[in-house]
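Note that the chains are named A, B, C and D in the order they appear, and that numbering of residues resets to 1 at the start of each chain.
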Amino acid sequence: MADYLLSLITFFPLLGMLILLFIPRDNEGLLKSFALAVTLVTFFISLPLAFDEVFATSGGMQYREFHEWISVGSFFKMNYSLGVDGISLWLLLLTTFISPITILSTWKAVDKNVKGFMALMLLLETAMLGAFVSLDLFLFYFFWELMLIPMYFLIGIWGGKNRIYAAVKFFIYTAVGSLLMLVAIIFVYYYAVKSGAPIDGFGVQAFYNLAIPSSAQHWLFLAFAVSFAIKVPMFPVHTWLPDAHTEAPTAGSVILAAIMLKMGTYGYVRFAMPLFPEALHTFIPYLALLSVVGIIYGSLVAMMQEDVKKLVAYSSVAHLGFVMLGIFALNMQGMAGGMIQMVNHGISTGALFLIVGFIYERRHTRLISEFGGLAHKMPIFATIFLIVTLSSIGVPGTNGFVGEFLSLVGAFESDLRWYAVVATTGVIFAAVYMLWMYQRVMFGKITNPKNENLKDLSAREIILMVPLLVFIFWIGVYPNTFLRKMNPAIELLLHQVKSKQVAVVEPVQPVIAQNIVLK
Amino acid sequence: MITVYHYMILSAIIFSIGTFGVLTRKNAIVIFMCIELMLNAVNLTFIALSRHLQNMDGQIFVFFVMTVAAAEAAVGLALMIAFYRNRESIDTDDFNMLKW
Amino acid sequence: MLSILFYLFAVVSIFSAFYVTKSRSPVNSALWLVTTFICFAVLYITLDAPFMAAIQIMVYAGAIMVLIVFVIMLLNLGTAVKKRYTHALVWGGGMSILMLIVTNFFIRRSIPTGTVGDITTQTIKSYGHTELIGRAMFTDFLLPFEIASILLLVAIIGAVVLSKREV
Amino acid sequence: MYDYLWLIPFFPLVGFVFNGLFGKKIRNEAVIGGIGTLMIFLSFLVSCGNFFTLLNDSEKVHQQVIASWMSVGQLQIDWGFLFDPLSALMIMVVTGVGTLIHLYSIGYMHGETGFYRYFAYLNLFCFSMLMLVLGNNALVMFVGWEGVGLCSYLLIGYYFDKKSAGDAAKKAFVVNRIGDFGFLCGLLVLFWSLGSKGVWTFNFVEIAENAHLLQTGGVVVTVVTLAFFLGATGKSAQIPLYTWLPDAMEGPTPVSALIHAATMVTAGVYMIARLNGLFGMAPDTMMVIAVVGATTAIFAASIGLAQNDIKRVLAYSTVSQLGYMFLAMGVGAFSAGIFHLMTHAFFKACLFLGSGSVIHGMHHAYHKAHLHDDPQDMRNMGGLRKKMPITFITFLVSTIAISGLPFFSGFFSKDEILWWAFAGERGHWMLWLVGAIAAGMTAFYMFRLVFMTFFGEQKTDARAKDHIPESPLTITLPLMILGTLAVVGGFWGIPHALGNIFGHMPNYLENFLAPVFEHTQELNGLEIKPEMAHSAALEFGMMGVSVGIAVFGIFLAWVMYIKNPALPGKFVASFTGLWRVVYNKWFIDELYAAVIVNNCKRIGTFLWKGIDVKIVDGIVNGTAWAVKGIGGGLRYTQSGFLHNYAMGMVVGVVVIVGYYIFG
């Protein structure tokens, strides 16, 4: 069982999807409950991973699976190689955890072609899980591209008014990036074969030990970096995100925000950084700059949005800036902060999109100006919304703080401290745009008569929010549960990255103290 | 002495003539015949080379070319009949439905 | 002797091929085409391939030409209206001459290589050309042969479907 | 006893969870209010137990670690508590005043729809404040720091259907966040700079022990302390971040008393006192703090002179008094600052609660008379001393205390600060002068408040006049207790000069807090200048001057508002411009709105509509348009004529083969 656990987790939703295809189209209730059951079972199968203590002690890959998959002559060998470590562990669990919630959230929201919707959701889950556990670059690329297709249809079919534009934009943006990545992958493989290094098909771990010349590294890193940056998304390639989010159905937005954006950051951690450490060293200042610009830019733009969903989308840009900044700090704290912030963003922003979904279902509009005074009619909603808002702002005691704080600690320890100072102002802006939005939606008197008859959250909606709230506080108060199992993997990763950097600058050099002691 | 080059040059000439016909004639059936001409030119090369290399494979290939030519003739002419039925013409200038 | 035969039929085939493209009436073209085919069959014989010559006559000069002529009759195609296609003539002629030059160079500069077999004029004479073809076709090329037969079947069905009046 | 330290914040948390989850269902105000009050009272009892244990304990610093919070590499942060004289004093103030205000709220908030919500927030606030005070490392303090900011947001926005309340709440939170940015930066720079010396810590005790690793007066210390000070200005409403506090008066009055007078706003002062080891090493920062404190004191007092809303006067008074505390911190008089913090908590809480009692009465009267006048406007009051005797007496006592008349609590603490400002090593006569003038202004506007409210003619609408009742016992009892404290609270920290007269009474408070501050003060020479240290005459002289200024202020108020009520009008008429500027709070809010808020909005809009939509999306869509255009152009090559395609093929063949041969 344990030998094939990852395959089981990854392909269970796909299996479910195949069975789902035999359920009659009109039986919507059964379709929904079946999809929910499949995702729930997937979640329960993946739970043993969470309790496995091996991650707390070992940073290496666990639950390895290895089979030969495709081999073209003796040259190209793609293997089916899976594995999970402390870095992908929580993202994997986040995926299995969020999926049932999204399915549950669509109970009333999706009314046309439920069967197709559910099938695509399940396919999407398989693709995302596969991308997180692949250790073979080619397999990763396969899942990475596979992810795109269901999402494209989810936006394009079940989306809002401008859905085609958004879907195509999303698709093309991502496809451009991934093609660059494909070229880089092939080049790396070609180089590995030519150099006669011991490799294992497209196995990424063997690639870690390649000594790619630094001029090539730069280009390869750029290709990977652009591809992942689009997915993250980092400034200035973020503009697909607001459109995709705004137009996507609630479930699509949640999946997009909670998990798919993490693919980009995860890609940096797993692939771009350890594969090309020298190039990373060169590009870190620029990437960190983009991250910081993203934080400030995302915040300022979010502040002026009139559409709640767009606001949340731009806030994602800002939040992921923190993730990237933490990762680029290249030390334990920053990395752990980035990783935990990925999970946080998944939970908080996922929850925010669900919340927007709730009011959208009730009022069929997302314009802030249409609302106001909802706290009167929807007290439970107001409370949940407030908690999630606070988590998004990063109030201590909620998850957002832990992630932001660790990222910033890491950045301050590294050479990026001046970026970090600027990034810290992001906490101010976050408060401004989130609270302003909250105030305009929830506070005040009810001015719009359409809001008079709004109903508070139903039991289903509360049930689907509660797990998210639990994790908001859990990570906020006792993040060690998660950090403990991340630390060994992060240590190993940093070792991999740093052992190969030519000029590794010690992150703890007190530059300010040495250089500018004025007195 | 006649060498394989002679046959190949002849085949090239016939092929060019076939090309000329395809490019200049407007009647679909004549174009079709010119294509047969080109196919035959190729066949000649095959057989000449087969002989030159003392190997049977080229002739087998000719056999398959003929098969394809026969199939093409059947389908192509059927298409022409179908087309004529619609357009009362088999002039290629009337075949412009592929236009943007 | 052989070279005389070659040159004779080569010239005739070039001449008749040219008339295929030149004749205004499709029926004339078809007849010139038959001439070309026959010349080719003779050339095949000079290449020690009597079976291919026979097939050439039967399939091309026989079956395909009959089909073409039959279609010409069916569609009742008359002589093409005289149109001046100088534009197309110049371009088409230019292109085909260019092509000729290019292929000429190609042929002149290249040496044919490949797997040299053991079939000499003697083997052909002692076994017979037909037998050799048959051996090759039904041993090494059995699968392609079967596929070709399926192709023909498909073509038959296709032709029937396409030419049926109401589909 | 110290093992039960965790119970102190735990009880309010229980209250919060209980009221937050079940309060709505219970609907019984007695139960909700009772639970809320009981919880904070229990934590008051535990605090008392700990406090008195500490008094008799020779070991003054105790830590209790509950659990590990974050541990990543060299970063180890615990959920831990630190109990030393400073935090002991603070928790006594927080839980003590907190209990009284909870009790008061039961009466004051009677009948409000969100009663349960109010008590849940109040308990949450107490929890956060206690975390702030008790945290043994800067990060736990930050939890409390943000937590109180959050509760302040929630409680200011308590009447959330009023737009002004929502705006004020948001403003409070955002301005606080600007401060928090400073706090966070300070925290991070400190962590890194100490870490680079080999000490990776956020723990206060360890920071204090290792502060010497950093260079005294060096850039790092100055930057760190300035950043922390920015945090303090946000939380404690100092220039330039004070603007949220007056607006925060949109919240219910007990909230103003608890959060915006007695406890939360003093967090900045507490934080500086807590990090005295660092601040002591940064003379430049100390100077900045002293100057900012003094400026805020006089600036806020000047605004207070002209306000008519009873709570706003008190709000500006709070800002001004906080300025005093910062002045104290800036001149190194840490214990004096904490002393003033304590006495201020007593008398300002009493004043706010008293004003709440008045507002409650006025509201009641207007309600009965079906009028919609502003119950907080002092111009509608007057002569209330007969209607509300208890409120009046406690209010008056507290006013005397804040004005610094001898032997009331404010006198001792304020004079100690002024003495340090004048005679301390880091002091300066200018600081003293500013402080003394501000004290005079304080006396003036506070007595103006008392005279306008409780004396003279009753100016209330005739219809409502007779309906003003004295408040119920739940309201007056806390008033009486706080009033008593406002009178006697000062005797705990009698200045040396006075103590010598009273038969060598020691300054108990200073001795009590000594373990916390002694070290820093010795190390950095934060003492009274030696030439003045033993001059009792000078000290008495300064005392006399400041009391004189205060009495003059009171006299002026009496002249203007009792003896000759027409005088203020004439004054306004002759100095219209000046008066308008002061009345409109020096137009600072408008300035901020114009310079910062609007520009932020403008930049945001520009980035969105300009950069995002026009440039980035312009490029993206432009690419799409270009591809479409090229495709549209190339489309015409598809003529549909067979010959063109055939020609294309032939050309292709010729070119490829030609390239193959000749290329």
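Observations on the model:
Note that in this section contacts are C-beta pairs under 8 Å (C-beta built on N, C-alpha and C of every residue); 3 or more make two chains touch, one makes a residue touch a chain.
Please read these numbers as outputs of a predicted model, since none were measured by experiment.
Counting C-beta pairs in contact, the pair that comes out ahead of the other among A-D and C-D is A-D. Note on chain placement: the centre of subunit A and the centre of subunit D lie 38 Å apart, centres being C-alpha means. Distance between chain centres (mean CA atoms), subunit C to subunit D: 100 Å. Centroids of subunit A and subunit B (each the mean of its C-alpha atoms) stand 59 Å apart.
Centre-to-centre, using mean CA coordinates, subunit A is 64 Å away from subunit C.
Shared interface positions of subunit A, i.e. residues touching 2 or more other chains, are not present.
Shared interface positions of subunit C, i.e. residues touching 2 or more other chains, are given as 88, 91-92, 95-96, 99, 103. Shared contact sites, meaning residues of subunit B that touch two or more other chains, fall at 19, 22-23.
If you sketch which chains touch which, the pattern fits none of the simple shapes: not an open path, not a single ring, not a star, and not all-to-all. Here the chains touching each other pair up as A-D, B-C, B-D, C-D. Put simply, subunit D touches subunit A in their complex at residues 24, 67-75, 139, 142-143, 145-147, 150, 153, 157, 160-163, 165-167, 169-170, 173-174, 177-178, 180-181, 184-185, 188-189, 191-193, 195-197, 214-215, 217-220, 223, 600-601, 603-605, 607-608, 611-612, 616-617, 620, 624. On the subunit B side of its complex with subunit C, the touching residues are 1-2, 4-10, 12-27, 29-30, 32-34, 36-37, 40, 43-44, 47-57, 59-60, 62-64, 66-75, 77-82, 84-85, 90.
Subunit D contributes residues 643, 647, 650-651, 653-654, 657-658, 660-662 to its touches with subunit C in the complex. Touching subunit D in their complex are the following residues of subunit C: 88, 91-92, 95-96, 98-99, 102-103, 105-106, 109.
On the subunit C side of its complex with subunit B, the touching residues are 2-3, 6, 10, 13-14, 17-18, 20-21, 26, 29-30, 33, 36-37, 40, 43-44, 46-49, 51-52, 55-56, 59-60, 63-64, 67-68, 71-72, 74-75, 77, 80, 83, 85, 88-89, 91-93, 95-97, 99-100, 103-104, 107-108, 112, 114-120, 132-133, 136-137, 141, 144, 148, 151-152, 154-156, 158-163, 165.
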